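Letters are used for the chains, namely A, B and C, taken in the order the chains are written, and counting of residues starts over at 1 for each.
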Amino acid sequence: MPSVEGWLRTSRYLKSRRPSPRVLLLSISNPPHNLLNGDVLYELSKVLKMLSAQETGVVILTSNIDDLFISHYDVSEIVDLASLVPEGSRIPPSVIRGALYVESWLHTFGLRPWIRRSTVAGLANLNCYHEVLQLLRSIPQVTIAAINGRAFGGGCELALACDFRFMVDTPAEGIPGEARGSGLGQPEITLGLIPGGGGTQMLARMLGPAKALEICLEKTLLTAEEARDLGLVNALYSRKELMPKTFEFAERMARRAPAAVAAIKDSVYEGASRPIMQGMRRENGNFGSCAMEPEALLAMKKYLEQQDDILGDDTLQKFQPLQDGTFSEFRPNSAYLERQWSRVTPRTPRQPVEELVQIRETARARIKERAKERAKAAKAK
Amino acid sequence: MPSVEGWLRTSRYLKSRRPSPRVLLLSISNPPHNLLNGDVLYELSKVLKMLSAQETGVVILTSNIDDLFISHYDVSEIVDLASLVPEGSRIPPSVIRGALYVESWLHTFGLRPWIRRSTVAGLANLNCYHEVLQLLRSIPQVTIAAINGRAFGGGCELALACDFRFMVDTPAEGIPGEARGSGLGQPEITLGLIPGGGGTQMLARMLGPAKALEICLEKTLLTAEEARDLGLVNALYSRKELMPKTFEFAERMARRAPAAVAAIKDSVYEGASRPIMQGMRRENGNFGSCAMEPEALLAMKKYLEQQDDILGDDTLQKFQPLQDGTFSEFRPNSAYLERQWSRVTPRTPRQPVEELVQIRETARARIKERAKERAKAAKAK
Amino acid sequence: MPSVEGWLRTSRYLKSRRPSPRVLLLSISNPPHNLLNGDVLYELSKVLKMLSAQETGVVILTSNIDDLFISHYDVSEIVDLASLVPEGSRIPPSVIRGALYVESWLHTFGLRPWIRRSTVAGLANLNCYHEVLQLLRSIPQVTIAAINGRAFGGGCELALACDFRFMVDTPAEGIPGEARGSGLGQPEITLGLIPGGGGTQMLARMLGPAKALEICLEKTLLTAEEARDLGLVNALYSRKELMPKTFEFAERMARRAPAAVAAIKDSVYEGASRPIMQGMRRENGNFGSCAMEPEALLAMKKYLEQQDDILGDDTLQKFQPLQDGTFSEFRPNSAYLERQWSRVTPRTPRQPVEELVQIRETARARIKERAKERAKAAKAK
């Protein structure tokens, strides 16, 4: 199994470290303007696919450059894409969708590296961008964007695809070195373009169509405060506090059960974008699947033993461990994580855990007992 | 026809009363912690299916226990569900969706009571839960949750499936008896679970994906004030005011036309969760269907007679009866309600109402007249 | 090619003028109450279809009557619709959807004028209404509602279908002439009806289901302030400022590239109402299509020449032209607009622009160079 840490050491655009064991910090480094481009995204997609839930519970995306998250997507790559067609011809969106579909089909045969060296590299880059966004929305890790400065265009979109966003607040005026710090937006319209990495989609789904149109058509740049007030950013911190607060939050999130994290992300992103009955059924399936995970069983058993105590306390103080996640930590080497969750690792048969067998047997006995009671009650009627 | 009142007298978990003729109050009673479980939901689904629009215009859900709405869904029933599979096996969501589908198919043959006594009772309970939620979203009654205290997990989800939510505000600190009062949230993640009764769906559709993830993954408990500020709760009241204010609101809502209530609920819940053109067409059909209801015709006729008066008044004071719904009350024994709306009652032929015939004839004469005018105008051109 | 200006001179219900060359102001005039009806909508749909992006970048909808936008849809036309069916019969929504579908099919053969003179005119009017709403959401012009007063029912829905809404603020109390000014809402429920022009859809998509139900079922009239606070209205202005501020905004919007405006509107309205992967793909196609437009290429080239300068400036002052849209104006006679965008004008072959050829050649040379570099790098590994 290739190690993500080993691969990251050879990475050109991604610096990495682990502020705590189950938290992986990825810093994008493409000086001077930290432009997003096909190469950066190719490395990102590689890392995200290699992550295992056993080792990593949280991924933090940030930049390696002071006061600058990501300026925007590299415009020269968009020109490449645009310059492929005969000048003056108008290509309908459906044709481009078709070409992108063909490229992603060829990718399944491992042809992307070859396509990225051809004149249609633009298609491969655009598909690769969307693969990264889709991975951020679907991996069992909690993803956090620590926006340490300007995030326009593609940078804003990359942040919007993460589960949480923390951002530096607008710096004091008149201090030149910090003026670069803030701002988030989609200025594509002023170049005759539109957001191409899900900007219209995430803004419209987060804020509704009216606000999304306002941002994409007119108010193209938002200050950090505006972004926070709209709910685009979860919290603002000063420059000094941004990373410590993000690490603190990440450590708390790293205690969540990976299966439940993936299930919630799928229910929210995929389920809630569908007609309501389809969304409900999707959540149902995810719920049942999580409830059958061994460590959820362990946690439920622990909870049932203490339930009367916890709920009986009017001040809810005994509920605290449930709120901050210390009640049942889903750590590496916990019952769950003994089995591999990641897609890249093979399934291995595993010895039954004594305790789990006991829970199941108790539960089954209970079901039988209740069934008898109900049958008796039904007869009595 | 079985009477809902009669059935409710034999109910074990539901206490009922009518604060006013067309308003039905259902109080869930499952001491000590008011846990939601399969039996409670089975009774709820039974009652909701028996309601007739003729008798009931508003359903209020509350609890029969002081300062406690519903603690959460009974965890021991989730353990039952979980303990059905061989330990260590991972069941994909699609298999669970399939099993739930089979159960609801068997239910159409009336086999649910039998299933609920078997070892796969968990599937029947989960389907029954979703039947209740879907009924709350589709019945022609306005549904209101009067949240008189703590509502976590399944309790929160039951409230979110209602059309309106009123809640007790956070009690003064230091008063032990009231400290139990407030709070709403989805703490499932800390047990390795996810919301299973539409929590992810309603939160994401009400607040967008970013806020829904924040609540489901991290900020698992919200105070009443936070819930109100987010728009999850329509209004907060003190303990003393909660029920009187809810009854006052309910009485106003009981004057709405049941057909229009059902049409608005369907357009909002079902229509607006679909692609925009499909949603528009759904609303269109609902609109036309409502406009053809006899009592809508009566109301429109009354309005046309007074239109110049109402719209001519610059202060909009004459508009008041339209705003508070006293302009045209849709009461039992009104033209509309003579016909049965409820699914459980048979259609009976009915004598034409003199007045309606008159409206229709006037309208038809008017159409012919306008057609002639238009033809004349067309010729003149 | 029929000129929109010429047609507007013969219009009965629409007064028009051009406050600036690329901005078209349409004032609806149907005294005394400015009711919306089939004839008004028929004229609106005609004008919106005739617009060419070459001449018009922004459409402003307002009313020709002081302190009154649109009272509501003409109730007598709804009675016409309703009186077509045998009294006492209940028509399910699906049948009405079917009838509307048949009407819009007949319309493709040009039969609508004939249908509008028949007894089923109501169906034609409802379809025509939805055609106008769909045009407002899809034309490459930015659409703005300047709500100069009361906008209830259909008037509120017409405004909600525009991209931006500016509204007069609530006038000072006690001044009789101005009391008529404000208010926006959907009071249909009090007549036993529901919003029929997308009110439930736009409200639910903009505010979520809970707030949409509150507005449609209970709080049927909102003041201008409430509408602004909810985000239903983009900004409030005094009576004197409303039109000057709207014109100023419109002039700025008229500099946007029509192809990008249409692409953003489609991505937001259509894309974001679909499952997330479908929405992303829709945005992708729109993005690629815009990026291939000649004037986007010109703007990107200009940007690439100045990129280091713009991004290197920490104060973001050089970014200003990108934010206010003066960086690259997409005017009539710009490279793009030499080609016709509008559906009604024929495609004409066009001489290649020297500059564009140069951009493309430079870009292609650059691609080849990069491909060589990459191949070399790959060999080196």
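Everything below uses one rule, namely that a contact is a pair of C-beta atoms (placed from the backbone, for glycine too) under 8 Å apart; a residue touches a chain by one contact, two chains touch by 3 or more.
Keep in mind it's a predicted model, so treat the numbers as computed, not measured.
Asks: If each chain is a dot and touching chains are joined, what shape do you get: line, ring, star, complete or other?
Replies: Topology of the interface graph: complete, with all chain pairs in contact.
Asks: When the Cα trace of chain B is superposed on that of chain C, what is the rotation angle, expressed as a multiple of 5 degrees?
Replies: About 120 degrees, rounded to the nearest 5.
Asks: Where the CA atoms of chain A average out and where those of chain C average out, how many Å apart are those spots?
Replies: 33
Asks: Chain A: which residues touch two or more other chains?
Replies: If we look for residues of chain A contacting two or more partner chains, we find 205, 269, 274.
Asks: Going by the contact rule at the top, pick out the chain C residues touching chain A in the complex.
Replies: The contact residues of chain C facing chain A are 142, 163-165, 202, 205-208, 231-232, 234, 249, 252-253, 256-257, 259-261, 263-269, 271-272, 274-277, 279-297, 299-301, 303-304, 307-308, 311-312, 314-316, 319, 321-323, 325, 327-328, 330, 336, 339, 350, 352-353, 356-357, 359-360, 363-364, 366-368, 370-371, 374-375, 378.
Asks: Where on chain A is chain C touching in the complex?
Replies: So the residues of chain A touching chain C come out as 32-33, 67, 71, 75-76, 78-85, 87-97, 99-100, 116-119, 121, 126, 130, 133-134, 137, 150, 176-177, 179-180, 183, 187-196, 198-201, 203-205, 208-214, 216-218, 220-221, 269-270, 273-274.
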